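Heads up, there are several structures right after this.
In the two assemblies presented below, chain A is common to both, partnered first by chain B and then by chain C.
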Partner chain A sequence: MSRAWLVILATVVLLPIFVRHSIATEIWIFAIFGLGLNLLMGYTGLLSFGQATFFGTAAYAVGYLLKQYAINVVLALAIGVAVGAVSAALVGYLCVQRSGLYFIMLTFALNQMFYFVAYQWTTVTGGEDGMPGVPRPSLLGLDIHAPLAYYSVVALLFVLALWVMRRIVESPLGKILQSIRDNELRAEALGYDVPRMKLAAFVLGGAFAGLAGVLYAMLFGIVPLEAIGFVFSGNVVFATLIGGSGSLYGPVIGSFVFIWLSESVSAIWARWPLLLGVAFVVVVLFLRGGVVEAWARYRAWRHASG
Partner chain B sequence: MPLVRTERLTKSFGALVAVNAVTFAVDEGSLHSVIGPNGAGKTTLFNLLSGQLAPTSGRIVFDGRDIAGTPPHGVARLGIARSFQRTSIFPTLSILDNVWLAAFARQRSWRGLAWRRADRYPEVAERAMAVLDEVGLAGKAGEPARAISHGEQRQLELAIGLAAAPRLLLLDEPAAGLSPEETKRMVTLVSKLKGRYTVILIEHKIDVVMSMSDRISVMHFGSLIAEGAPAEIQRSAEVRRAYLGGFAAP
Partner chain C sequence: MLYALMGIGLSIITGVLNIPNFAHGALFALGAYFLFTLIQLLGNFWLALLLAPLGVGLIGILIEYWGIRPLYRAGHDYQLLLTFGLSLIVTEGIIIVWSPVGMSQLPPPILRGGVDLGITFYPRYRLFVMVAAALLVLGAWLFLERTRYGAIMRAGIEDKEMVSLLGIDIHRLFTAAFALGCVLAGIAGALTAPIRGLNPWMGVDMLGIAFVVVALAGLGNLLGSIVAGLLVGVAQSLVALVWPEASVAVIFGVMAVVLLVRPQGLFGIR
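Here is the complex of A and B:
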């Protein structure tokens, strides 16, 4: 097992000792969300500014089913993944027809559409008030109401998600997506149906977002309207950039920094987003590879200086 | 027996007819060169053959079927590979991955596409390494493609075309921008392809074309003005007027 995995497993085990359980849980949920985006943004070079569409749609759909039909948790997670993937397939099909700025604007515009549907459809979503009262039923007979119990479930799913994502990026598809990021015309000339490959990245990324959405709804017992809003879409882009897009662990580190910073610093200082702004500017100007690149540079520097 | 032939193939951009009713055929196993002054329509002809552009009219018959209008990825899957005049590689990927992707694209089955580890396709890796060996880049397989010299990138460009194990290989000025030394190596590489692949070659260096080609087609202002064996082309007065005269005496 690689050192990165050991570090992650150690963090998973130790985190709840140092950080409030709900925050620790949120970190891994947001990391799952970021993993999905990173497949699009980091590996395929598609800046999706609408990932909350899939996150929120899955959260609402499964939240509703949990409330009205008391479905079990395993089914809830499976449906969440499916809803995330299907909504991403719909959105992705429209978006991959265009590239560059138009692509980004399409993901954003469709996100807004979904947002306003959630905003207006108050009988189901609760509109501005959100969808409260999402239950957290037992998982295979185990009571997961206790924060630490739920944390364990989420952390386990995160490790599973990370492993699945590693398989994907190390597969031929992972290489093909990177080749599209590097040189779309060449990938097409080699025999790859570029729009279809992009759509595959969308669907996979949407599945991860869907899983994260369901876990989020069950964590807080509510689906807030923000869960499908563009700020949320922006946050995950932001966190992934800070961590380092295009490397497997980047979004995990990004989620850690982002959630931890926003939860701990916001308690002390109300203007904490300023800090995030500074971090963002630094990353964009000097560290395009985020924390992962900073670490690599530090290692290289230490190596060079003996 | 021609592997590929075109029938009155035409491509116009507005009022400009870039390729004008071009009819020609390329025999299986031959090296067929297309020459002509800048702007004659050679690269546009390649873009039509490889599907990057759809023809305005006319047919492209590859192995007995009309492929005009097939998208590039479909054309590639049929076994037509190309190299580009302006180097077109995957800069951040390793040199091995560059050719690996070309070899994988031509696999009959893409089983395990999103799940099997990419290094568990021994036949693809073998093909990729063999091709790198052939062009002399095997020693740099692990380096990112952007880190090597222009000359080496041209070799990689050729390797990407070869890795697809193409039935028809379109080479668009493989020696573009190379030093005399590098050109010599490229010529050796390309002439080693003779007989093993069916090749259509666009090249400006006339001595290279004359020494290597089985047949030569000459384009001028979008039209084919002559076709024949190298010796015939060299004798043709019309070709001299349109093309050779403008450069240097052969």
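Here is the complex of A and C:
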């Protein structure tokens, strides 16, 4: 087991001691979300600005099933993953038709479409008020209502998700995706069906987003309209970028920093998105490369200065 | 027509500068709020309508110079994050300076009331907006097709390297293009204010629509933007007649259908 894994396992165990349980849980949920985006953005070079589509759709669908039909948690998680993957397949099919700037705009525009459907379909989604009263049933007979119990479940799923993502990234498919990122024409010349591979990345990324969406809905007991909004999509892009995209652990670090940052500033000031916007600009202008690179630069600087 | 105006502005910015401008919607909202305040200050609708877009253009110049210029060589991800961050700042700024509650703005006295068009009554101000937007679109078209600066801008969309090799200051071109796009967004916002009222998030819907128009039309394709803008607008109002709740979602539906049939967009070359 590598050092990075030890650090992550230690963090998983120690985090609830230092941070409020709901925030600690949210960090890992957001990390799962970020892992999915990173497969698209970091490994395939597809900048998706619509990840909230899959996150929100899964959260709404499963939230509805949990409320109306009282399905069990295992089924809820499975359906969430499936809904995330299917919605990503639909959106992805349209988006991979285009590349570059068009691609980004399409992911955004389709995100807006899903948002408006959620906004208008009030009988199911509750519109602007969100979908309240999502229950958190017990998992295989275990009561997970206690914050710490639920944290354990989420943390376990996160570690599992991280392991799966590592397997994906190191698999032949992962290597093909990286070759598309580095040189799309060459990947095509080598005989790979590039649009299909991109679509595969979309579906996998969507599945991660779906899982995160369901966990989110069960954490707060509500699916807010923002969960499917484009600001949410932007947040996960930001988190992945500050962590450092294209590295396996980047989004994990990023969601850590992001959730901590947004939780602390939102406690200070109601207009905290302003500070968030400023943070975006500052990071982009001065800290490109994210935490991972800043750390590397710091080490190089220390090394140089003796 | 307003959609066409937004689309053209975004198309110029995206085409010339090659960046995804997520602040376009926020600038649209800013145009509306500038109009609101200028009317209160000056008491004159027409002067305010002239100055508000110029104010937005000025802010656009600042944004381009301080924010976007250092990022031309960075990836789209960082450009996106920057403009997204800026849109958050502008939106929150509007909330702080004005208010989070929606406001309304009456059209000037001459443009109130309706006109009898024979078959139906039509609000006078909407008619004015239609004509004004059509003239502006025509003006933008003439500027881009018939003037030297317009030619440079079109050349900038085609081939930036060549333009700079010909001795044209590419940075000034970028600033000008960004400012022009912002002015168009500002005008669209200012014109919209008396129709739909003002709220800090008014730009978000518009941003999505502008992206659809650009995606349908092809980058830097002026004629395409006009046709796509009209198409989207007509589709939306037709659906609004029979099923009002779906009128926004249908725009994206139109886009999806077009992209399925013609992946390169209506007039796309790339």
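In this section, the second predicted complex is superposed on the first by the 277 of 306 C-alpha atoms of A that agree within 3 Å, B and C clash if a C-alpha of one lies under 4 Å from a C-alpha of the other, contacts with A are read in each partner's own complex, and residues count from 1 in each chain.
One rule holds in what follows: contacts are C-beta pairs under 8 Å (C-beta built on N, C-alpha and C of every residue); 3 or more make two chains touch, one makes a residue touch a chain.
Being a predicted model, the structure only gives us computed values, none of them experimental.
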Check: With the two structures laid over each other on chain A, which partner does A:Tyr151 touch: chain B (first), chain C (second), both, or neither?
Finding: neither
Check: Of chain B and chain C, which one touches more residues of chain A?
Finding: C
Next item on the list: Quick one: classify A:Phe232 as touching chain B (first), chain C (second), both or neither.
Entry: neither
Next item on the list: Would you check which partner chain A:Phe202 touches, where first means chain B only, second means chain C only, and both and neither mean what they say?
Entry: neither
Check: Is A:Leu190 in contact with chain B, with chain C, with both, or with neither (first, second, both, neither)?
Finding: first
Note to self: Looking at A:Phe256 after the superposition, I want to know if it touches chain B, chain C, both of them or none. Which is it: first, second, both, neither?
What the structure shows: neither
Next item on the list: Please work out whether A:Phe33 is in contact with chain B alone, chain C alone, both, or neither, and reply first, second, both or neither.
Entry: neither
Margin query: Need the overlap of the two footprints on chain A, from chain B and from chain C, as residue ranges.
Written below: none
Note to self: Considering only the defined contacts, which chain A positions touch chain B in the complex?
What the structure shows: 167-168, 170-176, 178-179, 181-183, 185-194, 200, 204
Check: How about chain A: which of its residues touch chain C in the complex?
Finding: 41, 47, 49, 94, 97-98, 100-102, 104-106, 108-110, 112-113, 116-117, 120, 230-231, 234, 237-238, 241, 245, 271, 273-274, 276-281, 283-285, 288
Item checked: Interfacial residue positions of chain B with respect to chain A in the complex -> 50, 52, 71-73, 76-77, 81-82, 84, 88-93, 97, 100-102, 104-106, 110, 112-119, 121, 160, 164
Note to self: Touching residues of chain C toward chain A in the complex: what are they?
What the structure shows: 14, 18-20, 22, 67, 70-71, 74-78, 80-82, 84-89, 91-93, 95-96, 204-205, 207-208, 211-212, 214-215, 219, 245-246, 248-249, 251-253, 255-256, 259-260, 263, 265, 270
